[in-house]
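Okay, so chain A shows up in both of these, paired with chain B first and chain C after.
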Partner chain A sequence: MQGKKIKNGGIESALGHFLKDEQHLVFGFEKGKDNVSHHVFKDSLDHYAPLNPVFSANGALYLRRIFAKGAQIVLMLRPCEIRAYVELVKLTQIEREDVIAVSVDCLGTISSKEKTGNAPTDVDPLREYFKDPEKMRWACRVCRERRGVVGDAGIRIDKNGSLWAIPYTGKGETFLSLLEGDAEAVPEDMFIVSSGKTEKFQVDMETFSKDFSKCIMCMNCRDMCPVCYCIDCVFKGDEYLPKGDALLNKIFRTGSVDIPQGKELFHLIRMFHVSQTCVGCGACEEACPQGIPLTQYFKGISERLQGMFGYMSGRSFEEPIPYVTFLEEELKDAED
Partner chain B sequence: MAEEKIEKNPEIVGFACSYCTFKASEMAGSLRMKYPEGVKLIQVPCSSRVDPAFVIKAIFEGADGVFVAGCHPGDCHFIKGNYYTRRKIAALKEMFDAFSMKDKLRLFWVSAAEARRFVEKVTGMYNEIKEKKNAG
Partner chain C sequence: MKTGIFICHCGHNIKHTVDVKKLSEYFRHYPNVVVSEDYVFVCSEPGQDMIRESIEKEGLDRVIIASCTPSLHGEMFKDVLKKSDLNPFLLRRVSIREHCSWIGDDVEKNTEKAKRLILAGLYSAAHYVPLEEKIVDVKKSALIVGGGVSGLSAAVFLSRMGMQVYLVEKEAELGGHVRVLKNIWPSGRDGKDIIDEMVKELEGRRNVELFTSTAISSFEGFFGNYEVTLDTPVGEKKLTAGGVIIAIGFSPFDPGTKPELNYGKDKRIITTLDFERNADALQLPENPRVAILHCIGSRDEQIGKPYCSRVCCVNALRVGDAIKNRYGDSYVESFYMDVRAHPRGGEEYFEDTQEKGVLFTRANVAEIMPMPTGVMIRGEDTLFGETFEREFDLVVLSIGMSPPADSKLIASLFKVTLDKDKFFLEAHIKLRPFDTAVKGIFIAGSCSGPKDVEESINHGRASAVKLFGFLNLGYAYVDPFIAHVDPKRCSGCRMCEQACVAKAIKYDEAQRVVHVEDAACMGCGLCNATCPSSAISLKGYIDCMIDDEISAFLEAI
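The block that comes next holds the complex of A and B.
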C-alpha cells in the first residue's frame, strides 16, 4: 500500500493550506484549556489536536446538522466517528460529495465523566498513558476497530510513533496531495492492530431487567446516538405506552401490574433499530445519567446481528445495510 | 381441600399477511377446522409491514408468543417483501436468543391454499407454549 509519511507538523500545515480557500472547513478536535473538544476550523488551525483522549460525544452526531452545500469539509475524527459517518451516508442523512472523511488511529479514550485534565494529547505520551488498558473506557477496551482504515483516507501510527497518511478512495488522494513529501510503501505492521474475535453476547431477562431498572427514560442515549437518526421517533411522546382502556384491560387481564414505564420496551426496540448500524462507540453510556452499562448490551447485540449477515457497520460505503437488501437463497432455517 | 390446578391458557399474537396466511385462516374457518381461541390474528398488508418493534411490544404487553406469517419466499404479492421479513425476523430471533427468550417468536410461511398447514403450525406453537406456561 502506498502512503505518505507525515513530518512533524505535517498535518497542521496541510490542513492550513486547505483552509486558505474561503469555502473550506476542517472538523476536528481543538485543544482547550482543560479539555479537548469537537471544533470546526475556518481560516486558521489554532490549537488543533489530531488525537483526543476524552470521549464525550460521537462527532458524527453533529454532522447531521453541520452540513451545508457548497462548503468543502475535511473530517479529522476517530474511526468510530468516521464509521458512524459512513453509516449515515448510507442512510442518506449526509451528502458525501463535499466531505473528505479521514479516520485517525485511536489509541483509546477515557470517559468524560472522569477527571480529564491530566490526559495527554500527543502520540508518545498517550501511548504510554494507555499502556494500562484499565484506564480506558470499557467501549474502547473492547473496540473492534481502532485502526484508521475507514473513510476516504486514514492516518496510521507505526511502531516508532510516526504518522502515515494512507488514501482509500479518490478523495483520499486529494487529501494526500495536500501533504508534503512523496508517496512510499507503508510499513506492514502498525502500532494498533485489529482486535480479535469477540465473545458471543448472552444474557437473561432478569439481568437485563435489573440493569435497566435504574433507567429514568430521559432518552439521552437516543439523543446522543449518532446513528439513531429518525425525526419521528417511535418513542416521541407517550403513544407507545398503554393508557385508558388499554391499561385497564391489561390490569384486568394480568392482575396487579407495575405501571408500564416502557423502559425495557424502549431499550429493546432501540437495540433492534440500531442493531445493524451501531458502531459500538459508547456515546449512549456516556450520556446516561444513571450509569447503565448500555454499551455492553448495544454492542453485544449489534455484533451478533451484524455477524449473521457478515456485515460490519461503517466498514465500507458500498456494503448495503442488511435490512434493505436480501439474497434469494439464504436463511433456509429461518422458518419454524 | 385438594388444590385444583387451574390450567393457564396462553395468548398468542399472530401477524398474518392478508394475501396468504390470513386467507388460509379464513379457509380454515370455512372448512370447519379448529385452531385455538388464544391465537389472535392481526391482518397486515404484507409480512414485511411488521416492524420488529410490533413484536417486542406485543410481548411486553403480555402476549406469551408471537408469530409472523407470510407467503413462501418468492411468492410475495409485492415481489420481494417477504425476503425482507425473513432477514428482519431472523435477526430479531437472534436478538431474542441473546436474551434467552427465543421460544416466544416464530416465523411461518403459509400460502393461501394451506389451511391445514396453518392450523397445524398454529396449534403446534400454541401447545408448546401452553406446556411451558403450565409447567413453570
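The block that comes next holds the complex of A and C.
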C-alpha cells in the first residue's frame, strides 16, 4: 500500500493551505485552554489537534443533513466518527460529494465526565498514558476498530510514532495530494492493530430491567446518538410517553401506571432501529445522566446482529446495510 | 361519536356458548355507544333492516357487527352501510364465532372473551375515517408466461373472450412437455395433436401475439398496467399488460443427482420420459425382465423433495402395461412405496395392470448396479423386511416433477413468492388457489406444484377466468388501504424504498423525502413497519388504532 509519511507539522500546513479557499472547511479537534474539543476550522487552522483523548460526543452527529453543494469539508475525526458518517451517507442523510472523510488512528479516549485536564494530546505521551487500558472508557477498551482504515483516507501511526497518510478512495487521493512529499510504501506493521473477535454478548431480561430501571426517559442517548438520524422520532408525542391529559386519559382507562412509562420499550425500539448501524462509540452512555451501561447493550447487541449478516457498520461505502436489503435466502439459521 | 353494536346469535352457533344478552346489556351503557342490540341472525333481511333503521334513526357514525368471521358476508354488510349513506369503511366486524364461541364451551369465559374482542373493535373503530375505494383504468390484455399446455389453454380462453393475449415461450417451439408425450393417459391421445389444435386456434386470431425463443427482460408497473419488456429474437419489444398468468411448468427430475441409481452410465437404465420418447428403439431380449422404480425424485427428504409428484405412479403403471402388451411372457416388477394412482380411473388401471401380470413389490431400492448380464437391483422388501438382489434387462425410473429451472428468476422478476419446495405459492391454498399475493398475477399449471395434463389445463383455464373477471370491465376498484407518507416526518433515509415489494415508493431528490404511488401500493404495510420514525402510515390501519386495539385486549389482565 502506498501512502505519504507526514513530516512534523505536515498536516497543519497542508490543511492550512487547503483553508485558504473561502468555501473550504476542516472539521477536527481544537486544543483549547481547558480541553480538546470538536471544532470546525474556517480560514486558518489555529490550535489544531490531530488526536483528542477526551470523548464528549460523536462528531458525525453534527454532519447529519449536510446537503449543501459548493462547500468543501475535510473531516479529521476518529474512526468511530467516520464510520458513523459512512452509515449516514448510506442512509442518504449526508451528501458525500463535497466531503473528504479522513479517519485518524485512535489511541483511546477517556470520558468527558472524568478529570480531563491531565490527559496529554500528543502521540507519544498518549501512547504512554493509555498503556494501561483500564484508563480508557469501556467503549474504547473493547473497540473493534480503532484503526484509521475507514472513510476516504486514513492517518495511521507506525511503531515509531510517526504519522502516515493513506488514501482509500479517489477523494483520499485528493487529500494525499495536499500533503508534501512523495508517496512511498507504507510499513506493514502499525502501532494499533485490529482487536479481532469480541465476546458474544448475552443478557437476561432481569438484568436488563434492573439496569434500565434507572432511566428517566430524558432521551439524551437518542439525541446524542450519531446514527439515530430521524428528524422526527416516534417517541415524540403522546403515543409512547403520554403526558398531561393524555396521561390522565390513559390512567382512567387502564388504571394506575408507573412513571415514566415504557422506558424498556423505548430502549428496545431504539435498539431495533440503530442496531445495524451502531458503531459502538458509546456516545449514548456519555450522554446518560443516570450512568446506565448503554454501550454494553447497544454495542454488544449490534455486534452480534451485524455478525449474523457478515456486516460491519461503517466499514465501506458500498456494503449495503442489511436492514435495507431484503434477500430471500438470508437468515436461514433464524427460521427454526 | 355514535357507535352501534349489533351482536349476532348465529342461531345457536354463538348463543349457546356466549351470553349475548349480557354482552348487549354491557355495551348499552358504554361511552359513545348509542345502540347495542343482539339478534338471532344479523345477516338475515330483518337483521339488515335493523342496522339500517338504527343508522337512520340514531344517526350512527360507526357500526360494529359482532358475528362470524369478517371474510363471510363482508361485502353484504358494507352494502347495508352504503344503502344508509354511511361510508362502508366505518364498519367494524368482530369475529365472536370462529374466534370465540366455536372454540370452547365455558359460557363465562367465552362471554368475557367476546366482550374483550368487541371492546377492541370499539377502540379501533374510534380511529376510523371514511375512505374511498379508488377506480383505476386497466388494460384488457394479458401476458402469459410459458407456452405449455396450461399457458396455451389460458391463452385460448382469453383470446376467445376478446382479450389481447401476449404469450411468451423461452423455447423455440410451443407445447412444453406435453408435445413429446405420445399417449396421454387415459384418452390415449398424442400430445402433439392437443398442442397443435390449440396453437392453430391461437395463430388464427388477431388478438393473439405469440413470442417464441423470448425472454422477459423487465417487468414494472402495477395492476392493470404492467409494463413488460421482451427480449425477442427480432429485438426488444415493449408492451402493456393488465394482468399476468405465470405458467412455466416444471423440470423433470434429473436422476443423475442420485449417484446410486447410475442413471446415464448405462443405456439399460432409463426414465419414464426416455421410455415415452424411444419405446420402439429399445433393444430388449425375447422375454425381457423389466424393473420399474416408483418415487424417483419424490417423497425423498434427503434430496429436499418431500412432496408427492402425483403423476409418476400412473406413468409407472403405463410402462408396465406397455411392456406387458408387447411382450406377453415378460417379467415386470414394480418397486413402490405406495401406489397413488389418484386421478379418476387410476385405481382401476392399477388393478388392470396387476391382472396383466405386473408384479408389485413394496421396497426401498438402495442401489442399481449395471452388470455384464443385466442390471442388478439391490434393496429391501419392506413388507417382508428382507433384502434382495435381482437382475433385470431394463430398469425404468418413474421420475417426478421438480420446480421449473427458472422459478427463482421468474419469481424475483414478478415479485411473487415460492413455497418451500420452490414451486410458486398461491395466495390461499383453498380460497385463492390461482392468485399470487400480487394483484393481477396468477399462476397456472405445474409451476404451482405437480399436476397431470388434465389438471394443468383446468388450472390454466381457471386462472384465465379469474384474470378475465379482473380486467373485463376496463376498470377496477382498488382498496383504499394504501400507505401514506407524512413528508414532515420523513427523514428521507430510503429504507422503505427497499422494503417495498410493489416498488410503489419513489424518492424525491429535491425534497429529500419519499412518496407513495397510490395505484401501485398493495397496502401490505412493510414500509410502515420499516420506517423508524413512523412517517408512513397505512390508511385504515394507523398505528394508534392498532395500539388501542392491543391495549383493549390487555387491559385489566
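Criterion: the second predicted complex is superposed on the first by the 308 of 336 C-alpha atoms of A that agree within 3 Å, B and C clash if a C-alpha of one lies under 4 Å from a C-alpha of the other, contacts with A are read in each partner's own complex, and residues count from 1 in each chain.
In this text, contacts are C-beta pairs under 8 Å (C-beta built on N, C-alpha and C of every residue); 3 or more make two chains touch, one makes a residue touch a chain.
What you are looking at is a predicted structure, and each value in this text was computed from that prediction instead of being measured.
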| item | value |
| --- | --- |
| Combined model on chain A where chain B meets chain C, clash or fit | clash |
| Which superposed partner A:Phe326 touches (first chain B, second chain C, both, neither) | both |
| First, second, both or neither for A:Phe201, with chain B first and chain C second | first |
| Touched partner set for A:Met1, first chain B, second chain C, both or neither | neither |
| Chain B versus chain C as contact partner of A:Cys233, first or second or both or neither | second |
| Partner chain(s) touched by A:His273 [first = chain B, second = chain C, both, neither] | both |
| Contacts of A:Leu91 with chain B and chain C, given as first, second, both or neither | second |
| Touched partner set for A:Met217, first chain B, second chain C, both or neither | neither |
| Partner chain in contact with A:Arg253 - chain B first, chain C second, else both or neither | both |
| Chain B versus chain C, judged by how many residues of chain A each one touches | B |
| Superposition clash, chain C versus chain B, among 111-119, 345-353 or 525-533 | 525-533 |
| Shared chain A surface residues [contacts with chain B and with chain C] | 234, 253-254, 273, 323-324, 326, 328 |
| Chain A partner contacts - residues on chain C that touch it in the complex | 412, 488-495, 497-499, 507, 512, 530, 532-535, 543-544, 547, 551, 555-556 |
| Chain C contact footprint on chain A (complex, rising order) | 67, 91-93, 229-234, 239, 253-255, 273, 323-326, 328 |
| Residue numbers on chain A that touch chain B, as the complex places them | 201-205, 208, 234, 240, 242, 250, 253-254, 260, 262, 264-265, 268-269, 271-273, 275-276, 300-301, 304-305, 308-309, 322-324, 326-328, 330-331, 334-336 |
| Chain B - residues contacting chain A, complex | 52-53, 56-57, 60-62, 67, 73-74, 80, 83-84, 86-95, 98-101, 106-109, 121, 125 |
